[in-house]
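Multiple structures follow.
Below, chain A partners chain B and then partners chain C, in two separate complexes.
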Partner chain A sequence: MLATVVKLIARRLLAAVPILLVVSALLFCVLRLLPVDPAAMSLPPTATIAQIEAKRREMGLDRPLPEQYAMWLKAALHGDFGRSIQFGRQAGGLVAASLPATIELAAAAMILAAILGFGGGLLLFHLRGTLFESIADLGSILLLSIPEFLWGLILLFVFGVVLHALPFTGEVSPNLPQPDITGFILLDSLLVGRFDVFLSACRHLILPAFALGLAFSPTIMRVLRSSLFDIYHEDYIQQARLRGLSETQILLRHALKNAILPTLTLAGVQFGILFSGTLLVEVIYSYPGMGNLMVDAVRNADLPLIQAIALTYCIVVLIINTLVDALHIVLNPKLRTH
Partner chain B sequence: MAGPLTRSLHSPRVLVALGMVLCVAFCAAFAGLVAPHDPSEQNLLSILTPPLWDAGADPHFLLGTDSLGRDVLSRLIFGARTAMIVAFAASTGAMVIGSILAHVSGYFGGVADWIIGRLVDIWMSFPPVILSLILMVGLGVGLDRVILAIVLVDWTRFCRVLRSEVMVVTRHDYVAAARLLGFTHWQTILREIVPATAPLLITLFSLEMAIAIVVEAILSFVGLGVGPDQVAWGQMIADARQNVYQSPWDLLLPILAIVFTVAAFNLLGDGLRRALDVRLAEAGH
Partner chain C sequence: MSVLQARDLTISARLGGTVVTVIRSLSFDLEPGKIIGLVGESGAGKTMIGRAIAQVLPPGFAITAGSLLFGGDDLVTMAPDRRRALLGRAIAFIPQAPMTALNPVKTIGAQFDEHLSRLGQRGRQQRRERALAMLAASGLPRPEGLLAQYPHQLSGGMCQRVLIASAFASNPRLVIADEPTTALDATTHRQILRLIAAMQREHATAVIFITHDLRLAADLCDDIIVLYAGRPVESGPARAVLSAPAHPYARCLQLANPSMSAQRRALYVMPDQMPSLRQMQTMSGCSFAPRCPLAVEECRRNEPPAVSVAAGHVVACSRAAATPSIDVRESAPSMPDEAARNVLQVVNLAKRYGVGRGLFNEATTVAAVKDATFDIGENEFVALVGESGSGKSTVAKMLVGLERPSSGKILFNGDDLTEPALRNRSRVAASVQMIFQDPRSALNPRRRIASIVTQVMEAGHRHARWDERQKRSQQLLGEVGLAADFAARLPDHLSGGQRQRINIARALCIPPRLLIADEIVSGLDVSIQAQLLNLLARLRAELGFAMLFISHDLSVVRHLCSRVLVMYRGEIVEQGRTETVFGDPHHPHTRALVAATSPQA
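Take a look at the complex of A and B:
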């Protein structure tokens, strides 16, 4: 089984290479269409035309587009994504510094989405045939209609502004030190033994993680319910009932096991979308992750940084999708023979 | 087509959703008549007044005013116009491109299918939010740019789901019969396949309207949307965030407007899916 999984991952990652090449080329072209001149932007406003021209030559902007792309690609393969125009630092370094916060937020949100989704799905299924069925169903559609950035604002308003219950800006309280070993604040604060920092980071994580989790749970909810519906039409459920198993035993031992597969596949797809959903939530909560950096870069037309961040999002989503496929094979014996 | 569509009108879910959609559409179409004020008229003497049900309200402004003294109700109504124009135009564009490619891909198969399939793969490896942000950077702000960006991002939703439906329909005997009768490929697609895939198309269109409204709100919220000369719900939210302590309703009302409209289209899509018995994976939208 391990060999199959490794082969699958290798094959998927190999297939991802041409996709990433095309994606990066497309990105490059779209960003070059911009009516902004990176050379002029990286010089002080007092620069002369001659200086700007020199800078253009230095940055390779006077060459044809394919050649520019080849230069960028060669540098990128060596880990050099160019200098951020607004920060004057390596774009790759800026992305690497902000990625851990985004990963922590996405992971926490995914766990919440899974818990809420599974719980809600079981509840929806439990209510089938009762008076509450259509109310719960309408409720789930209403939940489905609240995207993560609106949840972010609603939670910020209720728990931050009205109730003053939770902090809603940044990653930790500003008066606390931020240990930096791995970049993951939850991990680092434990590594240096600062539980106050850890607790503060957790409290800061609650609202953004819930905003994302609440937005992505209804889909999981609805898929779990509909796959449970399908499975309860199967003969083996009837058989189990005839053997005298209780409804709870049927659900836990037979139905749930089979309903989990399609739900998990979907949860994986959702995780890819959720990861990019962190962008707006980070903006709303001033969370120092990649999304905040992206919006900053976009507002300032910081091309090298936009390029590096967008590519990172694509790579992370590709990795997530590959891992989900691998997990699928581990869990579903039927797929292993192929 | 008349049969299943009329049948779907008997579903209470579809009727309620249709009522909600028409309500927003009415405000959008007749914004100039419905709105009590000019949405960009500033009354600097009465800024941040609360809505009518709160103490200290100015009866002149039913839902209060924002930080520049602009009437919130009128801005909500004109925001509905922006949202509906963007959603309708963008969904139509995405539907046309996506479904043409899906029909070509699913009907002809072979090389065309391979190329379109890879194109969809590449497109979908971009997270939608990121792709639309980058496109807006490239295109610049404006109503037409937002529409174009959404079309360019979301055609894949139609293409991917419709393609498999077209493949199923193409295998039916009546399609082969049409070919035997001497129909050309395009006649076959237009007369035999499109009517069979139309229920799915209509359902997807309704769900796409919901998505487009959210995307427009997101883009306007980060300041890369329809531009400062247009009224948009996302922009109202971004403005109201600055004054959330003084006038919370300025923040809550546009949020409610978005949720109401998006829920209406989701409900409509869900109701149509049930009534038209469309095979549509939950994950498909």
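Take a look at the complex of A and C:
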């Protein structure tokens, strides 16, 4: 099993090279097609045409596109993604500083989506053939049609504005210090022993994580239910019943482990979407993650920063897909070579 | 005292507002250590009886009358918890499809352990030892290694042995085996039956053996009940029912089955098919009357009474005295003489697959077909037999161009089909047609029959007009014996036998020179099989075509084909005239195949 997993990861690493090359080249071309001039933007509005021209030469913008890409690629391979136009700092550094917050948010949302999705899926399955089935079904479709930003606004309004139950801006309360060791605030606050900071960070995480989790749980719910439906038509479920196993034992010991496989496939795809869903939610909750950074960058046509962030999204999705496939090998004996 | 007593057991189903009787008044006594056979074609309701015992009937089905006394307690009225406590302990089941009856994500060991711990066996180590002992007793080699394996790593026969071991692990008083060999290879049939019989003797278990095969049941069982459309039509000692069937249906069934040893004869063809649940609602009198050669007006009016023809031999027919008079009038289908010329010549055909080719592995190849050389004459039916995985289907796929041969030649009318010229391929495509094994998955469920059977008219440069296709589909339906109104139907509304007729009709659309038929009658009921075999013989006489008939059923092969090729592990190990090969097999594998076919067959 371990050998198969290692082999998979090695294969994915190799495949990632051409994928990243193509994505970065596409990004580079598309961004150069935008009607913005990075040279002009990085100079004060009073700059003369000659100054802008000089800046363009300095930035290499007068060379042919392939050459510009080659230059960018060479620098990027050395970890240099260029200087952010609006912040004047290294784009790579900016991304690295905001990535942990987004990862924390996405992970919390995914855990919530999994819990809600599994619970809901089991409930939906349990209600099959009863009067509540169609009501629950309708409910899950309703949930399915609410996107994460709408959840964000609803939760913010209800729990933040009306009930004053939870904070809805930023990562921690502004009067508290923000320790920075690994960049992950939940981890860092514990490392420095500031339990109050940890608690505050958790409270700040609740609303955005729920907004994302609620939006992505209905798909998991419905896939789990329908794969359970399929599996209950399988012979081994009938055979377990004929061996005298109770319905609870059949569900927990036989059905669930099989139903998880298709659900996991979907959850993997969903996590990629969820990760990009953090963007809007971060904006709504002023969460200092990569999403907010991206919106800033787009608004200011900060090309180097956009490029760095987009590539980071791509890498994260590649890593998640690999992890999900590795998990598949662990859970599905048919995928292991024998 | 009887292990199980069924008294007037009646099962009904709710069908669109009305109630239909699925099983009517079934009564039997099963004594300890005896095997009772429930025999019937699909739709006869035989599986319902096993499900009734466990009370796991499909939604809408319920026991509406009668009782099932198990050791004095009525399973019908018993509290669900008490019945569940009996399942897996005192009552065990051996399933029809062993490959899917084991949980695919759990090891054999884990599943066996779960079962033993439910039986109350304490201690992981003790359970392991008991599992090993049971698996070894079921004839499984190296059971230690088996415990760590997953079901997909085992063959069907091995899975069934595991399930048999698990069924007998609790020393049950009653075992219900529902078509336990149907999904397995012909060569494993015998071994599995022998294992069930040995386990049954050793544990003195009473067994209900559910099967569609009268001969198989007679071989294994003490008593037999023949079911037709949910009615027990004949019951009695197995030998008596087989040697002197008293019900016309049992007699017809026997005559519909091709024989392995007796003189070749034509097959008895019962018209139509067993009435469906829906049709049964509106029927009166004997449910077999519409297909019965002896039926008189009386049969259609009143349900026939059960009469005793010998000690313990009961038949529900008022015309039973005339049953032995039912016979086949036509003579056996004629076999063409040695063909003047060959339509197909296969020379040193081989197919190798690369396996384990990856980043870190050396490429290795597995030979699926090695050096196959044979020919098929004009109008000749040649059989290709062998167990699953022997390469039969690969040969078929190469002949129709679904697989590319690794080496060798396929000469069709002198043209080499292995030549890459595409033009050549499309020209022969119309003359070589394939009929697939599973008629359900071979027919596009969203197309009407008229469009399915004339599919080949869409191919190539000539796009036929719709009215042309409509006309052709009517002719084709007539040729395969289906009513013209089938043209507008969808495949889902057809029975298995009708679907296979559609499959055959499609292959005939542009009259073929060569048909490749891959197990086209396996999985079909005996009466439907007889209809199809006669249809193929008739079509050859009318249209004239050669056929490569892939099958595992030697008696069918003997009935239909003049020559036979025996494949074993990718090689054709023996070929010759059917009578010669089956009468005096030379290769050990051919001998095993012949021996696996029941001697009475």
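Everything below uses one rule, namely that the second predicted complex is superposed on the first by the 337 of 338 C-alpha atoms of A that agree within 3 Å, B and C clash if a C-alpha of one lies under 4 Å from a C-alpha of the other, contacts with A are read in each partner's own complex, and residues count from 1 in each chain.
The rule is simple: contacts are C-beta pairs under 8 Å (C-beta built on N, C-alpha and C of every residue); 3 or more make two chains touch, one makes a residue touch a chain.
These numbers come from a predicted model, not from an experiment.
Given the superposition on chain A, which partner contacts more residues in chain A: chain B or chain C?
Per-residue touch count on chain A favours B.
Go through the superposed model and pick first if A:Asn258 touches only chain B, second if only chain C, both, or neither.
In the superposition, A:Asn258 touches chain C alone.
Contacts for A:Lys334 in the overlay, against chain B (first) and chain C (second): which applies, first, second, both or neither?
So A:Lys334 only meets chain C here.
Is A:Tyr236 touching the first partner chain B, the second partner chain C, both, or neither of them?
So A:Tyr236 only meets chain C here.
So in the superposed three-chain picture, is A:Gly244 touching just chain B, just chain C, both, or none of them (first/second/both/neither)?
The second partner, chain C, only.
If you stack the two complexes on chain A, which partner ends up touching A:Leu2: first (chain B), second (chain C), both, or neither?
In the superposition, A:Leu2 touches no partner, neither chain B nor chain C.
With the two structures laid over each other on chain A, which partner does A:Ala50 touch: chain B (first), chain C (second), both, or neither?
Neither partner.
Looking at A:Arg11, would you say it contacts chain B, chain C, both, or neither? Reply first, second, both or neither.
The answer is second: A:Arg11 touches chain C but not chain B.
Looking at A:Ile19, would you say it contacts chain B, chain C, both, or neither? Reply first, second, both or neither.
It touches chain B, and chain C stays clear.
Any idea which chain C residues touch chain A in the complex?
Contacts found on chain C: 54, 56, 84-89, 92-93, 95-97, 100-107, 114-115, 118, 150, 152-153, 163, 166, 356, 358-360.
Tell me, which parts of chain B touch chain A in their complex?
Within the complex, chain B touches chain A at residues 121-122, 125-130, 133-138, 140, 210, 214, 217-218, 221-224, 237, 241, 244-245, 248, 251-252, 255, 258-259, 262-263, 266-267, 270, 282-283.
Can you list the chain A residues touching chain C in their complex?
7, 10-11, 14, 234-236, 238-246, 253-254, 257-258, 261, 331-334, 337-338
Would you tell me which residues of chain A are touching chain B in their complex?
Where chain A meets chain B, its residues are 16, 19-20, 22-23, 26-27, 30-31, 33-35, 138, 141-142, 144-147, 149-150, 153-154, 157, 161-162, 219, 222-223, 226, 265-266, 269, 272-273, 275-277, 279-280, 283, 294-295, 298-299, 301, 306, 310, 313-314, 317-318.
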